[in-house]
Amino acid sequence: MRIGVLTSGGDCPGLNAVIRSVVHRAVADHGDDVIGFVDGWRGLLECDYRKLDLDAVGGILARGGTILGSSRVQPAHLRDGVERARGHVADLGLDAIIPIGGEGTLKAARLLSDAGLPIVGVPKTIDNDIASTDLTFGFDTAVGVATEALDRLKTTAESHQRVLIVEVMGRHTGWIALHSGMAAGAHAIVVPERPFDIDELSERVAARFEAGKKFAIVVVAEGAKPRAGSMDFEVGGKDMYGHERFAGVARQLAVELEDRLGKEARAVILGHVQRGGTPTAYDRVLATRFGWHAVEAAHRGNFGMMTALRGTEITLVPLAEAVETLKTVPGDRYAEVETVL
Amino acid sequence: MRIGVLTSGGDCPGLNAVIRSVVHRAVADHGDDVIGFVDGWRGLLECDYRKLDLDAVGGILARGGTILGSSRVQPAHLRDGVERARGHVADLGLDAIIPIGGEGTLKAARLLSDAGLPIVGVPKTIDNDIASTDLTFGFDTAVGVATEALDRLKTTAESHQRVLIVEVMGRHTGWIALHSGMAAGAHAIVVPERPFDIDELSERVAARFEAGKKFAIVVVAEGAKPRAGSMDFEVGGKDMYGHERFAGVARQLAVELEDRLGKEARAVILGHVQRGGTPTAYDRVLATRFGWHAVEAAHRGNFGMMTALRGTEITLVPLAEAVETLKTVPGDRYAEVETVL
Amino acid sequence: MRIGVLTSGGDCPGLNAVIRSVVHRAVADHGDDVIGFVDGWRGLLECDYRKLDLDAVGGILARGGTILGSSRVQPAHLRDGVERARGHVADLGLDAIIPIGGEGTLKAARLLSDAGLPIVGVPKTIDNDIASTDLTFGFDTAVGVATEALDRLKTTAESHQRVLIVEVMGRHTGWIALHSGMAAGAHAIVVPERPFDIDELSERVAARFEAGKKFAIVVVAEGAKPRAGSMDFEVGGKDMYGHERFAGVARQLAVELEDRLGKEARAVILGHVQRGGTPTAYDRVLATRFGWHAVEAAHRGNFGMMTALRGTEITLVPLAEAVETLKTVPGDRYAEVETVL
Amino acid sequence: MRIGVLTSGGDCPGLNAVIRSVVHRAVADHGDDVIGFVDGWRGLLECDYRKLDLDAVGGILARGGTILGSSRVQPAHLRDGVERARGHVADLGLDAIIPIGGEGTLKAARLLSDAGLPIVGVPKTIDNDIASTDLTFGFDTAVGVATEALDRLKTTAESHQRVLIVEVMGRHTGWIALHSGMAAGAHAIVVPERPFDIDELSERVAARFEAGKKFAIVVVAEGAKPRAGSMDFEVGGKDMYGHERFAGVARQLAVELEDRLGKEARAVILGHVQRGGTPTAYDRVLATRFGWHAVEAAHRGNFGMMTALRGTEITLVPLAEAVETLKTVPGDRYAEVETVL
């Protein structure tokens, strides 16, 4: 068999572990050929690839990033994207393509699959927002990094007698905020799924100070927003240069809470540090299993599917199902954490 | 409601997180009283306890160990253990008891439950060998510690051109060996569920050297044993002083592999470092959720049950079911890893 | 002997290790009494203190923050600050005061010492800017945290093919930038001691891309500024709400470099995470030694002094000398790093 | 200039950082040629080497091990070792050789230097036992790994109410034991420099239990021995198979202390995990500076010297001086720690 693999979208700890696992399983066990497309879909569309043998994946298991590079190019961006992909697959004699990526990548994977290409997707997102799988690799690492930062910030908040508003990743979903906030014992957690009421939030923090505590930690997902009318909010939050990237809910919350509480409040934005570097053991295991099972799916002809974790098993789910909805934090999970603050 | 909580058995990262979560949910939300028994079942049998309010659990979420202490005392060890427990529960006016522990503890919990006491168990084991739950807290931390050690040992094995036999915890099951070996890219993994053939193992390592590699890492669970007749094996592995604790499969394997391969082989025994210290974010979240749901079960009168993780949900399973069998590494999980070595 | 100890100024990993060491040495060995003033100089000025025995310092060695609390109150802020301090010292029968703090704290210590109070200072600064000592505790932890973040950011910068401008602490000196940048292999390091020329910096990064590299990491100390006339620079860098805290050189640099290079550039501001949490082993050892030697100095009547590291020895230096100048990065240290970028 | 570099002896975190720094400084700044000998002195003696350009050292700064390999081969082991080295140096047109290694390596370096070869040594030892330099890279990492393990072991010792005897590296000197024991707050530290009296040690631990504590941690360097006649001691400590590697002072101490104290005592042997893996930021900085200064020394013709840390400066010391004595733990350092236990 001849298999092509590619990584697409943002950085995510575990990408190299998947690539390595695909190559180990395919080359060492099945005697397959594996090639890797460079910079994601761009490599497929431009037929830019390199051979992946066992040596090519030596020592990469624990390394962050992706040896194949990535980009945000999508086949749908080109008028003839699907046709070009089909042509290169035929030219290269590929029997299977394993794209590793997030929601956008999986949508592209579905598009190509619907066009008849032999695709087995591997889901990737630090945000944990892909439906049909209990978890994806990268998320555990992101939560671990955020939790370690929160552990450190707690002693500083306490020494300085401050409110710290810590912004973690999560544009559409609050999974990282929920898990890292729960793991670190945050005193309030604010997620995009549930627009916050600034009065309520402020009262919650105030209650903590009234109970004699000298500091508070609020974890907020970057995509969190106030309930309509709850407070002035700079939507999109542009900075003085007009760049969206510098704005943030944490800074606006810090200003607002400082005013209301009469306590020093500071924003800390964890940023990219959550999505890079060596994966946790958990993510390495999950990534390795996904790679292994993607090759098995290819050999069984299970195309148009995506690997997924269900309980302790790796299963396959239709790509169509996986990209239909975003997996958001359900109300009962939020309830769990609200009560232990 | 009045709730008693206790921790029993060996150390396990996340015990304090469960205790804290029980107190937060019970005291802060339900207005319950919570007491903690000192040193596990001993505290219940001798009525040695202390009040647990919110202050008592401040700052313990990320700390290893257990603020309540632990012991290996079991109610069944005393002729009148069950009666004494029943008596103290009545005297103290307890409406629920939440024992947190491993297989032995849960068996004791079942015994007391069968005798009519209101029990909700919380499973705990770094070994991941409790059936009926996908995972227990402590396991992820143990795997993480072992993986970090393996990452470090790899560079040393390579520099020294050696075979390193790394012994990890797991007397009856190979979960820690499987996951840490997979996460660190070990070249062979040896588990108790599948007695090893020394010829096969030796050939596998030899093949690696023949392929030009200069070192090898073998991960072995402490309870692994050779297939009958495969090699001389000091069962129980006593040391020169007659203590079982110093023996180990790794040392015997190192001697054997060094002889067979003509390469320096060394044993490294990770030991207790795997079961102590601060829990990973994953384990803190799981422990916190278990604590929360144990309190909910108590309030709903769901006694004789144990909290369990199924997929992403916390559910309840009968104690009877949980202690019936040990959860061992199934063949297909072992197959996954065998092929990527 | 009766000794008072206090911690003043910003959070710094190792404060608790000093407190513990003072108590161990004074109480356990010399049979002294030790009291701890609450919230730094405020505690001394308002006679707010608590007894510190061996139990009071149990388990704090590895914990971040300070069990005594801190504040930015200084004796010089009160008209009668020195007299009040003198009065409380007399009332409490103190034979020595050990203030642990940074430049401001040591200046206050000198003031009180000049007024005749028996002071032995212990220097503390994550910034490493106190003269007369090779290093202070807290710095190694800050550098470690920043380096770990940079390690992670490198893979993300590479995957995303970006320039990342990473802002680390250092308002007046570039020690953290220098050491973390050197440790992580940054491609440019910008420090306050040497105002940067934006053309030069931009060319350096451009040269890297021209050499075929796909990303770059620039580490910048928060206090770094451009050479006069080199680029438009928002001094003080206020944000849209008029708060100084949200501005930063990294963001301005990101905008400028993106424009000049035509590559995506992003700012990451590590912030408070550098100054909290558990200290490294290095910092715990240094802090413990400082505490031990401060007690010895008190017992020998060496007042008006500060503990200092010189080579591998702990010595005493006059407070007057310590606070005279700020320790800045010397040119030859900068030269070392410039060449290995 | 043409420079040859090699790494010799046991693994030590920071070796790759030195190699990288040598290449960066020599190639990028001075326009030198650099070659790396494979497997230490063996490479020089057999003229086995490879070119080291900037690409060859890309991405190795943070990696453990050595890209050049290592071995324990020494020129003095061959009758004509010095002459062969001289011949290869002439054939290759080398202007300088930079060997990176420990005591044995530096002795060989001195031998070659005395024979007229242009040598600049770089000291390396996780044990910190090389005289003439305040510290060497690798030590801080080893102490960090041991301290992290001790942090974890403390909670387990406490939960299990045990004495843990933790054996760390240090055959001839107790630096790792001293620093990790001090950093983790061990209750007794046993070093080779000061043979222990088992009665004294046992009483110290007993005193702790009498004071109401429930556990104790004893850190012991692998080379520690009892005072003559103090207790039966298996010198060399061979195991049942006659291998020296499995014996250990920790196990013998555990047996002895368990007998005397009537408390469970267990040995934990940290082993190779202390000498591998990614270096701490501290070690990366020191290693990088050593490499830079070694190249400078070569360019200034300062041969027969070794780089050394003195305070905050990198200086050069004669190889002759460096290998004359072993740097042992002085009495006053031991006194510092004894009092804070």
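Just so it is clear, A, B, C and D label the chains in written order, and each chain counts residues from 1 on its own.
Keep this in mind: a residue touches a chain if its C-beta (ideal position, glycine included) is under 8 Å from a C-beta of that chain, and two chains touch if they have at least 3 such contacts.
Predicted, not measured: the structure shown is a model, and the values here were computed from it.
Of all chains, C has its CA centroid at the greatest distance from the CA centroid of subunit B.
Centre-to-centre spacing of subunit A and subunit B amounts to 29 Å, using the average Cα coordinate of each chain. We define each chain's centre as the mean of its Cα atoms; on that basis subunit A and subunit D are separated by 40 Å. Separating the centre of subunit B from that of subunit D, both taken as means of CA atoms, is a distance of 34 Å.
Residue numbers of subunit A whose C-beta contacts span two or more other chains: 148, 151. Applying the touch criterion to all chain pairs gives A-B, A-C, B-D, C-D.
Chain contact summary for the complex, subunit A toward subunit C: residues 10-11, 15, 63-66, 69-71, 145, 148-149, 151-161, 164, 214, 234, 239-241, 243, 245-246, 251, 255, 266-273, 275-278. The part of subunit C that touches subunit D in the complex is made up of residues 20-21, 24-25, 28-29, 61-62, 134-135, 140, 143-144, 146-148, 151, 179-180, 182-185, 280-282, 284-285, 288-289, 292, 310-312, 336, 339-341.
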